[in-house]
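Working notes for the structure below.
Labels run A, B, C and D following the written order; every chain starts at residue 1.
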């Protein structure tokens, strides 16, 4: 057992890093869907935008990263607000129309981004202070990914506490479960909806800024990110923060430890896992409490 | 008695049907005459659009009729295409045999995999079908002895529609073969749309619990239409091989599935021809407009703009542009708010 | 009206000590009740008397926690909804649950076709299924919707939807028709029309209804059961019930009886 | 088309019968195309990705071709040319649609370009049956043989690997780990490498590994596998975004500097190298071109390219530049009657090409007989080390 752990330690740790990256993406998608019934297929574009912001601003200093974080979050918030405005007129028309709209926006944004940044994948180097590798019980591991795990864990804990423990979170969860009931309590649910959409979008863009050195911006990355987050969301269960966290960590391990253990089945692992989970639990691992 | 409570559901509409048939006849005539007027490329494009229209119709059986949005129909399209390609290379160049084999294998695969998918609804159904599509795509890439991997299968002989007929090399002749099969399949779907089965599917789309309460085994219905839609996609795949004389994993991939779903949605679920019109619009935008010199590779921008515009300006899809009233009973209803 | 006891002295539905608990709360408490074939049987009682729960127990949408239900002497206590539909119990719901995008005719056809055969219905198109169509048209006429056959359910008025619900329920050829507050939210004109429709139903359909509109109850019903706090208070003819001091005390005393 | 016919089956059977009856009579698209080219500019189709994950390659190829045309006053073989660009996209399906447009709608004289192997397989029959030459400048699967109208100015997919096999067998001090992208080109490259590496006494550390393409972004599990295998060197095949990810992670997970990395030159070609930064230092690759080659043709080409597009030319740009050069010669040789057939005939006799990569000529399969070079990445640039071998003959 010790030998097994030793030889796969890096995969497990890296799976955590990857899973936390997925969590920052999936949680917004999940909440927006749970709250507003909006299937936001432009979610991957928000990541891509954040990653391009990180690329454009990076100059090796920590200040540049901080600046990128601020700019990325601002861009994500604006993007989220814009998407809310665009999808609201379709609120009563069902998921498909929203899917067509947001996918159309994705296509347009992808084309414009490729036109301004070119067709190459642009990997962003982490700040100089965070470059290089560290020793992890005898294995080499990139320092940036360790730092990323720390930061993302903090962010995940914050999101978790806000949504699961605070009164604001209780309000959002109540709105997910029964929007009319919350409205009857005199709360302007539209403000909650806009807030959550903007928050989810900002988080995805934040993921893009922090994730750029791990999953760099380029054509097609928006689609990859979107599909991965959708998988996480349905595996974890729609509309739940805890579900997104569990789903993200599971998919992270599947993508690293799973590939390390079963390399010959690598092409089938991601979707095979999703099928298996949904066959056993059609509503995902931890679906939001009330929803009919 | 009520004015239209005769024994035939179509009594009211019968009077108006002659006028309604004029555009249909005109479209048919246009399709029939196209190869005499249009050049080779245009006719080839038309052939491909007819095939993709069949795929969009297959999506519409699930999405428009039954309310199950799918991103997996390219899987059965691909299975049908590979089946037809293998039959064409190893067995016979007779098109009908390829079509039947492709439809049968696709129906089989669709029923086996659909068993997983029809347990779910909504986004989860969508993701399950996406997973099925991706797994079939990966199988096409990796099962090299059967599919020749990412290189794809070429060297497919020109199609012989029926035994004894000549092999069709020219684009115009292949087009007639495609059109003939298209019309037959279109008629079959049109027939299906008027049956109690289709009415039951609409019932499932609108209120599945209620359907169970009147005694319908809804999952069996969903699985049946899933298998049937798979067969239709498979037949389209066989035609695709007759037109392209090539098949590669991309034909079973995400892009085709997504575009087919989008075509079905912007076409509107109201009428069968909506999906066809949607498919024509989507693929003409991508392949024709996208390759115009002024556009220079910004085909995706155009597609995106098309989707955004369509959603806002055509809330009922293409078929909603002019909604004919009256004969809603048998044709599929337009998308409507249920208030 | 012929006394149904003389013609058909059978109990179509029999409840033996049926109960339904929600935790410690007894929504229906050991109710025993017999519904004779061919009667128009009303269940009344103040809010919270357990009438709606009782209906759910009969239709099968809720399982009973104790007691048994017999249809024609056969125990149906454990059968699911769709099996009870097959045995002839049809329900119209308090919250309208029609197929909103489909026309009135199609709503009825769905039930007619299902009743007619067990296949998937892929073969012949609807328009050539003349028997089914004729029956669906006739049912719509019967419930008073002669001019609305091709109107989508979403475009019908509230009252018309209730009438359509009755048509859908009748299409399953029920022997027992459960009407759950059919007149709720209806205008007096609509109520009067629906009353006519129910009154005109053929004798082989037994009707069990819950209703707050006592005008409707006393016009339609030939047997009335009164429930109070989940328990069966009394059953009798409308006249007997009106005269019962027990009922007066529990229920009617607080209301004005107009007839 | 209406959603509903009164007697659909009868009506459609009738129409269909009529269609099939008239099909024999011929018409617009019912005859084979002539393909004659009149006076005025000749049209040349450039089939390259203008969108999607291969866009960067497509840009290089377009630049190389256009540079040659510009240097020659917009004329090839003395004829004014009009370059018609079509978008290959990401899949064989979109690539074939674009090729059909070039051949059948624009009626181009000849087509150049094509990035992906799947696309070139998909359009093979189109070019062979319409008898329009395709002078491909990148995609070249090993299975593409026996064609008469398809030429390539690039290489065959297994040649970069073949060029490197003997060298690595001699250099590596132990078993070598083989890994590549899981599509056909990746498999061709690795098979090519094995075909010269194993006979030269090379040993592999484990069965070769193919990573799912294009979805693999995180190579950590594979890198762990390499480390565990005890390999003394790695031969890998990646291009584009995957090459950037692989090389950077190879460094980040501590393999760079410990286990030498060898690869076909695509791993460090063009914009990819910029993305890899110093992580690429020390990687040794084989390629049919290096921007710092000292021959006369390259001294004319490389600086001109650099000043026009602000970057060092890549093998993609060079092969596309050569495609224009080949066409220049062939159109001139075709004389007064410039048709696809006459150009194709002339291509067979085009002889030695004085190229930035060195002199090369077509073999009987229509691929180049050319020199292969060993390059090493130093300070963010590929620098020429030596000539390895001449392949293609």
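As a working rule, contacts are C-beta pairs under 8 Å (C-beta built on N, C-alpha and C of every residue); 3 or more make two chains touch, one makes a residue touch a chain.
In this text, all values refer to a predicted model and were calculated from it rather than measured experimentally.
A.B. asks: Once the contact rule is applied, which chains count as partners of both subunit B and subunit D?
C.D. replies: Chains touching both subunit B and subunit D: A.
A.B. asks: With chain centres set to the mean of the C-alpha atoms, which chain is at the far end from subunit C?
C.D. replies: Checked the centroid distances; the maximum from subunit C is D.
A.B. asks: Given the two chain pairs B-C and A-B, which is bridged by the higher number of C-beta pairs in contact?
C.D. replies: Of B-C and A-B, more C-beta pairs in contact link B-C.
A.B. asks: Between subunit B and subunit C, what is the separation of their C-alpha centroids in Å?
C.D. replies: 44
A.B. asks: From the C-alpha centre of subunit C to that of subunit D, how far is it in Å?
C.D. replies: 75
A.B. asks: Once you find the CA centre of subunit A and the CA centre of subunit B, what distance in Å lies between them?
C.D. replies: That gives a centre separation of 33 Å.
A.B. asks: Just how far, in Å, is the C-alpha centre of subunit C from the one of subunit A?
C.D. replies: 51
A.B. asks: Residues touching two or more other chains, restricted to subunit A: which are they?
C.D. replies: Touching at least two other chains: 111, 267, 270.
A.B. asks: Please output the residue numbers of subunit C that touch at least 2 other chains, ranges allowed.
C.D. replies: Within subunit C, no residue touches at least two other chains.
A.B. asks: Which residues does subunit B have that touch at least 2 chains other than itself?
C.D. replies: Answer for subunit B, listing residues that touch two or more other chains: 10, 138, 141-142, 191, 194, 298, 300, 330, 337.
A.B. asks: If each protein chain is taken as a node and each touching pair as an edge, is the resulting graph a line, ring, star, complete or other?
C.D. replies: Chain contacts: none of line, ring, star or complete; other.
A.B. asks: Among all the chains shown, which pairs meet the touch rule set out at the top?
C.D. replies: Every pair of chains in contact is listed here: A-B, A-D, B-C, B-D.
A.B. asks: Can you tell me which positions in subunit D touch subunit B when the two form their complex?
C.D. replies: 1-6, 8-9, 12, 15-16, 18-20, 22-23, 26-33, 49-51, 55, 58, 84-87, 89-94, 96-98, 100-101, 103-105, 117-118, 121-122, 124-125, 129, 141, 143, 182-184, 187, 212
A.B. asks: What part of subunit B is in contact with subunit D in the complex they form?
C.D. replies: 10, 14, 17, 20-21, 23-24, 27-28, 32, 35-45, 48, 138, 141-142, 149-152, 154-155, 161, 169-173, 175-176, 179-180, 183-184, 186-187, 190-191, 193-194, 244-246, 248-251, 253, 255-256, 270-274, 276, 286-288, 290-291, 293, 296-300, 319, 327, 330-332
A.B. asks: Inside the complex, what are the residues of subunit B that reach subunit A?
C.D. replies: Where subunit B meets subunit A, its residues are 63, 69, 116, 119-120, 122-124, 127-128, 130-132, 134-135, 138, 141-142, 254, 258, 262, 265-266, 298, 300-301, 303-308, 310-312, 315, 337.
A.B. asks: In the complex of these two chains, what residues of subunit B are touching subunit C?
C.D. replies: 1-10, 12, 191-192, 194-197, 199-200, 202-203, 205-207, 209-216, 220-221, 224, 326, 328-330, 333, 336-339
A.B. asks: Hey, which residues of subunit A end up touching subunit B in the complex?
C.D. replies: 33, 39, 89-90, 92-93, 95-97, 99-101, 103-112, 115, 223, 227, 230-231, 234, 238, 267-268, 270-272, 274-275, 278-279, 282-284
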